[in-house]
Structures are given as structure tokens and as C-alpha cells.
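Each of the two complexes below includes chain A, the first together with chain B, the second together with chain C.
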Partner chain A sequence: MRAVLLIVQKELGAYFKSMLGYLVFAVLLFVDGLLFHGLALGGADKLSATVLTQFFNFTSGVTMIAAILISMRLFAEERRDGTLVLLYTAPLTDWQIIIGKWLSAWTYLTLFLALTAYMPLLVMVNGTVNFGQLLSGYLGLWLLGAAVTAIGTFASSLTRSQLLAGAVSGAIVTTLVLSWQLSARVDPPFDVLFSFLALHNKHFLPFMKGSIHVRDIVYYLSVTFLSLLLTRQVLAARRWT
Partner chain B sequence: MIEVEGLTKYYGRVRAVSDLTFSIPKGETVGFLGLNGAGKSTALKVLAGFLLPTAGSVRIEGHDVVADPLRVRSRIGFLPERPPLYDEMTARDFLSYVGRLRGMGRAKVELRMKTVMERTGIADHADRLIETLSLGYRKRLGIAQAIIHEPNLVILDEPWSGLDPLQRRHMRTLLSGLRGEHTVLIASHNLPEVRETCGQLLVLREGQLVAQGTEDELVAQLGDDASRIDAPNILEAVFLHLVGPREVAA
Partner chain C sequence: MFAILSLIAALGGSGLLFLGERIAGPGVAARPVLSGIGAVLVLVAVVVRIVSLVTRPTERRVLALPVAAYASMLVGVVLYGLTLEGAPVGPDSDVSTMLAVLWPIFWTAGAVPAVLMELALRRMEGASRIEDRRVFSLGSGGLVIALATSWLLVINYVATDRDTSWDTRAVAEVQASGLTRTMVKSQTETVTATLFFPPANEVGETVEPYFQSLAKENPLFVVERTDAERNPGRAKELRARKNATIVLHRGDNRQSIVLDLEPAKARTTLKKFDTEVQSKLAKLTVTDRYVYVVTGHGERSTTPRTDEAPGFRDTREVLQRLGYRIKTITTTDGLTKAVPKDATFVLLAAPASPLLDSEVSTLRMYMRGGGSLFVLLDPESEKDPELGALLDDLGVAVDRTALVHDSTFVALTGAAIDRRNVVSNRFTSHGSTAVLSKVSGRAIVWFSGAAALTKSPAAGAADVTFTVKSFSGSYADANENLAFDDGEKKSVFNLVAAVQLPGADGERGGRAIVVGDADIISDKLLRHNLPNQQFLVDSIQWLEGNESAGAEVPDIEDTAIVHTRNEDQAWFWGMIVGMPVMLLIFGLVIRRFLRREWGAA
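Showing the complex of A and B:
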């Protein structure tokens, strides 16, 4: 655990020692704020619960983009700079390296999510916020973020180009999001399969409305674990080939 | 200390190292020689635990690199040709990070860091960002990270590459200082430096070991030709005799 925390600490330091770390934060918060102002607060008067639902809906999109941007550097940058050898030749298991890397990205994303909290708090000024919905929505964002950073970690292990890693994880995430659309256009039993795979509509929508289902939690944890397992396979394969 | 038996490594269908067998006793400084593509770096990466062998076995202090990788890696310090450094860190923070990554406690790292920085001559640059260091200092810092955890085996790939004559001299002194305390394995094309630094030599050709021994033992393989070669060029002649076209050596 000590080694994992050491990697997390080092990676978080890398995010905040570069301008890019702050820039990602600033741009994403700006975009999220604009969407909040335009989509959630704009238009006719709404119930606070509706505003909150809309906030979680677009923030889930921003969270996915943030998770891809944050995670694309994890392994790709180390491979490009030739520093992966430090981790590979240290007395660490592949799992320690992977968990450390992914956890750092997820922690950074958690900070981003914490900074978005001012928007639901603003709703409290003129309305009544249901704390159950608030907690449920943030739990959903947190789990969605865990899954997408894990997918990004996997994509980052495939290449030394951060841009390519971002494109690969973007493609995987888009495919999983769009599988919801696909489920409506295919015959059984594939409709059930594609519906189950849907990263957003099937599993996130209940969270933003205040419903927490075990199946959705299990889904996000499964995507996270599977992605990290694939990352482990990539790292192990690199030692053999 | 190091026992390598039948080590073979393929990259896809390309055989980089073929049936390599040798052993190195504790405390030796050994030079790994060979032309580009001879398999030196690949063999070193397997010894360092960075890569796993396709076939054969590598044992470091009795521990197998495949069966017991963490124990092996805790005993090894590795410096690849391009020093693996995090530019955004200071030299001090970097060494602290690497030391702790290799299982050292914070207090022990602090203590050891002082010794290592003085020994490698980077103490005056300890608080500078790594991105501002010259190649010479980057190489020194690379050596410092390789020895911070007091490994028994230090593996260095091309430690002299890219250094100017003064930096090469500093590096030679630094590497000579490692002798005795660590077993040191150095892969290099720089024959004069290898000659000065290493007691034993291993010569690779197309992934296979073609000679092993001291310089004198390798010179003896030249036979009568040895007497016709100037002393400063003798290692080069032996090297070319072993790995290159024979007419060049003659």
C-alpha cells in the first residue's frame, strides 16, 4: 500500500507542477459552469430537482471528458520519456503500479468533482435541494469517473502517444455510451447485451434522479476492474515481448 | 552472484539473444561488449528484470528473475542508456522518490541520499530541477538512482555515451568507486573506458557469447597477431577479431 500511495503522491504532484494540470481544471470548470448557467438555470422556472438532474446529466459528459484527458498521460508519458523502466525495475508488482497510476487520476478527478459542488449549492440559494439526490448524483459521477479513468489507464498502456491514448479511450467510451442507441436497433438477445453495456443511459441516469441500484454500482466497478485487468495484461505482455 | 544459463530472448520473431550462458562472481566489474544489435541491451534488461526471458534462466544471488522477480529487483540498480528521470522534479525529490519506491524508509533515504549525492558529485545541484541539468549531471543522477538503495548488482547501459572527455573522466572515476562495493555490469562501445574500468569482459556477437575473460585472456586468442598490434589498440583489435571481419582486425 505504501508504494501505491507513493505513486499516487508523485502523480498528483506531476499534475499540479505543470500548467496543464491547472488548465484542465480551469477549462472543464468553465465549460461545466457555462452549461449550468445555460442549460440548468436558463429557460422557464424549474423545480430544484429538475435543475439538479440536468446538472448531473451534463456534468457526467464533462466528467467523462475530464477522465479521458487526465488518464491519457499515465503510462504513455512514461513510455515516451523512458521513465517506465524505474517502475518496471523497482520491487513492485504490476498491480501496485497500475492501482497507483489509476488512483492518482481518480483522486484528481475527485478534486474536480468537488469543485463543481458550488453549482448545486447555488441551487440551494433559491430552492430546496434533496440531499439524497445530491449524494446519489455525485456517487454516480464518482463511479462513472472511476470507470472512465480505468479505461483511460488501459488506453494509455497501449501506446507512447498521449494523443493516441486519448483517442483510443475516447473511442471506447463513445462506443459504450452509444451502445444504448444500438440496443434499440438490434434484435434480442443483443438488445439486452448492448443495453447492459451502455455506460451512461442505462447505468448513470438512475443516479442523477436519486436512485441507487446495486446493479449500476456493480456495472461501474466491473468496467473499472476489467479495464485495470486489461492494463495488467498489457504490462505483463510487454515484459515478455 | 549472477548465473545465466541458456538465456534466449525473442522480440516477436526476431531473436535478440541466443542461448547465453555465463556466470559472474560477486564484486566483479564486468564489461559487456558487442556491435550494435549484438543483444547487449536486451541481455541487460533481462538481468535488470525489465524484460523476461523467452527461454533459459537468470539467477541473481540464487533468486530466479521469473520465479522471484521482486526479490531480484530489490537487489539491482539499473541505468539505461537514456537516464530515466522526471524533469519536473528536483534531483533531491527524485532520489527520495526512487529510494522509497525501492522499499527504503524516509529516514534511511535521507541518510543514504547525502552519501550518494556526494559520491556522484551532484550535491551542489540537489535542489535544481532535473530539466535544467546538463547531460553529464543527468548521467550522474542516473547512477545515483541506481545505487540509492545499496543494490548488490549495478547494471549500466552505455554510461559514457554523449559525454565530453572531462565528463567521461568523471564517470570513469565514479564507476571505479563502485568497484568492490557492488558487482557492476557495464555495456558499452567505448573500448578505452571499458578497458580502464572493467576487469572481466564478455563479448557478444549476434546475440551469442563469443568470448569471456580478462583482457589478457582475450588477447591470447589473437595468437601471433597480437605482437603486431600497438598496445593502446589491443582491445579494439581483439574486439574486431571476435565480432567483426577478420581482415579489419589484422
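Showing the complex of A and C:
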């Protein structure tokens, strides 16, 4: 555990010792704020619950993009700089390296999500916030972030180019998001399979509306675990090349 | 050479099998050809790999791994074949269900390691010796991925099938009201709700939890969801012409609700969805429960004319939806003799003139015999001494002065008379207010000109519980000037009484609900305030002997949520731009601090 925490500390330090970490936070918050003001609060009069639902809807998009951006460098950068071999030769298991790197990205994302909390709280100025929905929405964002960060970690392990890693994880996430639309156009039993795989519409929508389902929690944890397992297999295979 | 040949044969064969079974499908001539060739090709992959094993005996150990992988794929294909029509197992058995789970596991557990190992072996073609540990590592890695994927799919299947959820929503899009839940709960025959929706449809996802929540109320309420286009037989059987149709059926009796697959188009119907379901359920329900409404003394009517006092049209509708049949009982048809034996309960709604002695005697006898009576009083109606005798039996006394509250009331007209529209969420934990007492934080019952109730000195053995009390600060407005004067006293008053009479020989005694205000369930208030409807439903349930103490608490009132736009735009903008800027400044400060630290170091 200590080894994992050391990696987390090192990775987070890399974010916050330069201005990059703060800049990324600021840009993401600004974009999220604009969307909040323009989409959630804009337009016709809405109930606070609707404003919250819309906030979680577009913040899920920002979260997915943020998770891809944050995670794409994890292994790709190490390979590009040739420092991955140092990690390999350190007294660390593959799992410790993977969990440490993924956890650092997820922690960074969690900090971003925590910083967005002032937006739904602004609703309290003139409206009523249902804290149950708030909790549910953030739980959904947190789990979605974990899953996408894990997918990004896997993509990052595949290549030495950060850009390519970002593109690969973006493609995987987009496929999983669009599988909801795809499920309406394929025959059984694949319609059920694609609908089940839908990262956003099937599994995140209930969270943002305030409904917490065990099936959705299990799904996000499964995607996270499977992605990290794939990363582990990729790292193991890389030892032979 | 062997590597690429085997891989192409195994994957190509599986692809052909997929084309034959899934794309061509049953009844198409190409199906057996494609599936047959596919299965043979998978077999060929195994054979090719066995040949390679024989030709390179020194590397038998490592080359046995791909053979095992292809064999696993072949087992998957064979198991799949066993589930087909005409096969020994066939498609409709428990074994077939088990095989349907096993064949993809075997196939994946073979395919993933096979791909990884063959790619590794291809790289080593021409090498003096094969790195067996590398092949083994990749093969075992692939097997781990395949088995983990299978395991996760199974876990997810179970999680979906046995899903538990926590609904934290203040306002659900479609939510079953207490009345609908009670209607479902009181069903004695199986009613099925068949939802025709394609998978991954938002409207379907919205209405399904609604029906699932109803199914929890009564095992006789069954919910099934299917796709009309993929299950045309069921759609035809239930006469559902298209998807987005909900059919509620009991035997041959069917009631349909047609929505739209597009959420935007379905929204209008969804807003009244619960009422729509209630009306359809009512048409499905057959009952022999009767409510006898006492008439002939100026009581509030269940079919009021416009020039009359607020009637009970809405109450009649609620009763009908709960499956009651409504009959009237007057002096001419037996009220002076006996209450009919088929009466579930009798409704006495604010008589404006005295009842005959014999009529009161009939009601008293009915109560002593274990009957149920819903008595609604009205301070405006004439004082009826004979009714007083009935109330004495019930242990309740009425002060016919209307209650007033100076600050907490419902502003129905905007005039001072609104002060008589007192409200309350002070409910006792009693069977007749079990649901309301659980949601008292958001359920407020409205009254209009309510009279205070007290326990009668002649209560005797009657067990009287005052279930709803007024807010403190209420007072009986003796001079009817709607203001608090000398001689008037502010206090907490009893508004509703639930009476349980002792039963003879272990039988259930009579039950009565006495309310000091007939408007609580009149058209004046009932249609405007859902908690009043809940009060009516709970009261009826208790009168009939169905305690609702264990009932699931429904969301009976939408939380009032105020909109948040147009106000303090500058402030909002300040926050949205200000927050990121503050963060950057914070980052700069931290960085400068760290630089100083590093410099010092």
C-alpha cells in the first residue's frame, strides 16, 4: 500500500508543482461553469431538480473528457521518456504501478469534481437543493470518472504517444457511449448486450436523476476492474518486447 | 505458417457460424451451409495445430497450448450446437439455459489466448527455438482476461436481475401515488402490466420503474416488458399495435395506454400518467364492496349541481378507483330499519337537517354490530341533537364553532375568510394516518371551516384517538369576525377522531372516522391537495380493516422548488469566471512558495 501511495504522491506532485495542474482545473471549471450558466440555468424557467439533472448531464461529459486528458499521459509519457524501465526495475509489482497511477489520476479528477460543487450549491440561492440527488449525481460522476480513467490508463499503456493514447481511450469511451444508440438498431441478443454496455445513457442517467442502482455501481466497478486488468496484461506482455 | 492458418480457420469459422446463425437465421437456406462450414473450420484449426504438434515433437509442450485453446473454442461451438432446434438438448430446457451461459465462456476462454499465443508464435517463426515462457505468459494472460470478462458479465447479470435501488429524488418523473398503490394492494386477482418498448428506450426506462414499484405492493401485480416488433405474437395477443403501448390485463379484460417512443412527445401523457393508470386499473377491477351514502338530509352530494355546496364528485371517483360501488340510502329505502348487510362502510357527509330518531337508531345498531362509519361534520350545518346521540356512542363531542388561524392558512381567495382554511401536519401514529404521519414533513392536510372535536363525557367503552390536531395558535372564532378577540382562546384543537368500538365475542367492533369538516374531502380541497386524498384513502383503508401502518410511504407531494434564473446575473458570472481565476492565483502562490523553499534548500 505504501508503494502505491508513493506513486500517487509522485504523480499528484507532478500536477501541482507546475502550473499545469491548476491551469487544467481552471479551464475545466470555466467550461463547466459556462455550460452551467448557458444550459442549466439558461432558457425557460426550470425547477431546481431539472437544473441539477442538466448540471450532472453535461458535467458527465466534462468528466469523461477530463478523465481521458488526465490519464492519457500515465504510461505513454513514461515510455516516451524511457522511464518505464525504471519502474519495471523498481521493487514494485505491476499491480502496484497500475493502481498507483490510476489512483493518482482518479484523485485528481475527484478534486476537480469537488471544485464543481459550488455550481449546484448556487441553486440554493434561489431554489431548493435535494441533497439526495446531489449525492447520487456526484456518486455517478465519481464512478464514471473511475471507469473512464481506467480506460484511459489502459489506452496509455498501449502506446508511447500521449495523443494516440488519448485518441484510443476517446474511441473506446465514444463506442461505449454510442452503444446505447447502437442497441436500438441491432437484433437480439446484441441489443441487450449493447444497451448493457452503454456507459452513459443506461448507467449514468439514473444517477443524475437521483436514483442509485446497484446494477450501475457494479457496472462501473466492472469496467474499471477490467480496464486495469487489461493494463496489467499489456504491461506483462511488454516485458517480452 | 501453422499459426496464421489455424487462427484464420478458427476466427473465420466462428465468423461464418455467426453469419449463419444470426444474420441468415432459421428458415434461410444458407444457414446450414454457413454454420456447417464455420464449425468445420474451427475443427480444422484444432487439426492443423495437432499436425504442427506432431511435426515439431521437441516443442510439444509449448505447442500443446494453442491446441488446448482451439479445443476450448470447439467445445464452445459444440455446446452452442446442442442448444439448437433438433439437437439432443434443444432450445427450451434448463440444460439449454445452462449451455447458453457455458458456450460463450468456453469460446472466449479459447479465442482470446489463441489470438495472443498465435501472434507471439508468428513472431518467433524461423527462430531456432520457441520462447515457451513467453507463449505461456501471453496465453495465461489471455485466459485471465477471458475468464475475468465472463465472471464480470455473470456478476453484472445477477446485479441487473436482482437490482436494488435507492430513490433520492424529490420529484420523480412518474411516480405512483398512494391511491394507485392502494388500488394495486387491494387486488385479489392477477393483473399483468405488459410494457411494449424496445430495449434502450428512454420512455420505457421511465415507466418501467413505476410499474416495478407497484409490483412490490402486491405479488398479484405482474410486470413484463417486451418489444412489440420482436415479439409480434404477444403484441397481437394483447392487441398492441405498436411499441410504446402499455397493456394492463386481467384475463380477457384489457386496458391500453399508448405513449410515444420519443420522450419529448410522451411528456404530456406522462404528466397525467398516474391518473391514467388509475382509471385503467379501475376498469379492470371487479368488486363486491359497497359504500352507502346517506342522503335526504341536505348532505353533500356525490353528484353536485353547480349551485350547491362543494360536493364529493372527486371522492366518488376515488372510491370507484379503489373498487367500491356507491349506493345511496335514504329514509324510504331502509335507513329507518337497517343498514344493508353488504355495506363496507357508510358515509354520512354533513347532513344539513336532523336525522329521524329511527335513522340514528339504525346507524347506532349498525355500529354496535361492527359496522364502519365515515362521519363528516360541518359547523355551518344545523345542529342535530339526534346525531349527537350517535356521536355520544362514538365518544366524540363537537364544538360547532369554526376554527381560525391568523398566520397559517391556505389562501384560496385572498380574502380574510381564508383564515378559516386551517392546515395541519400534526398527525398521530394511528392506522388511519399511518402514511401521513410518516411524511408529515411534506404532507399538509387542508381544512376549510373545521370544527373542534373533544372526547364526549359519555364515551363509555369507545376507544377514541384524535389523529389530526390543529397548529398551536388556532382559536374557535365565536363571534365569526375572523379575528382573535377577548374571550377567545388560542390552543391546539382536535380535528379528526378515529373511533374503535369494542367487539362482541372476539369479533371486530365498529369503526368510525369523525371529521370536524366536510370540506376535507370535498371538491373544494381534494383535487388541489394530494395529502387530503391520502387522508381519504388511509381512512377508508382503516375503516375496512386494512391497517396501512406497514405501507411503503409514497411521495405524496412534490417539493416546491423555486426557479433560479435572472437573479443576480453578475453574481453568477462572478462565480463562474471568478472560481477558475481564484484557482490560478492559488496555484501561482503555491508555486512561488515552493520555489522559495527549493531556493532555500
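General observations
In this section, the second predicted complex is superposed on the first by the 241 of 241 C-alpha atoms of A that agree within 3 Å, B and C clash if a C-alpha of one lies under 4 Å from a C-alpha of the other, contacts with A are read in each partner's own complex, and residues count from 1 in each chain.
Assume contacts are C-beta pairs under 8 Å (C-beta built on N, C-alpha and C of every residue); 3 or more make two chains touch, one makes a residue touch a chain.
These numbers were taken from a predicted model, which means no experiment stands behind them.
By the touch criterion stated above, A:39 is placed in contact with neither chain B nor chain C. Contacts of A:88 after superposition on the shared chain: chain B is touched, whereas chain C is not. Contact with chain C, but none with chain B, is seen for A:130 once the two complexes are overlaid on the shared chain. Touch criterion not met for A:158: it reaches neither chain B nor chain C. Touch criterion met: A:191 reaches chain C, while chain B stays clear of it. When the shared chain is aligned, chain C comes close enough to touch A:122, but chain B does not. Between chain B and chain C, C contacts the larger number of chain A residues.
Contacts of A:17 after superposition: both chain B and chain C are touched.
Across the superposed pair, chain B and chain C both touch chain A at residues 17-18, 240. Taken together, the chain A residues at the contact with chain C in this complex read 16-19, 21-23, 25-27, 29-30, 33-34, 36-37, 41-42, 45-49, 51, 115, 118, 122-123, 125-128, 130, 132-133, 135-136, 180-181, 183-184, 187-188, 190-192, 194-196, 198, 201-202, 205-206, 209-215, 218-219, 222, 225-226, 229-230, 233, 236-237, 240.
Against chain B, the residues of chain A that register as touching in their complex are 2-3, 6-7, 10, 13-14, 17-18, 81-93, 239-241.
Residues of chain B that touch chain A in their complex: 11-12, 48-52, 54, 70-71, 73-74, 76, 78, 80, 82, 84-89, 97-98, 100-103, 145. Only residues 22, 116, 120, 131, 134, 137-138, 141-142, 144-145, 148-149, 152, 155-156, 159-160, 162-171, 173, 198-202, 205, 209, 230, 559-565, 567-568, 572-573, 575-577, 579-581, 583-584, 586-588, 590-591, 594 of chain C touch chain A when the two sit together in their complex.
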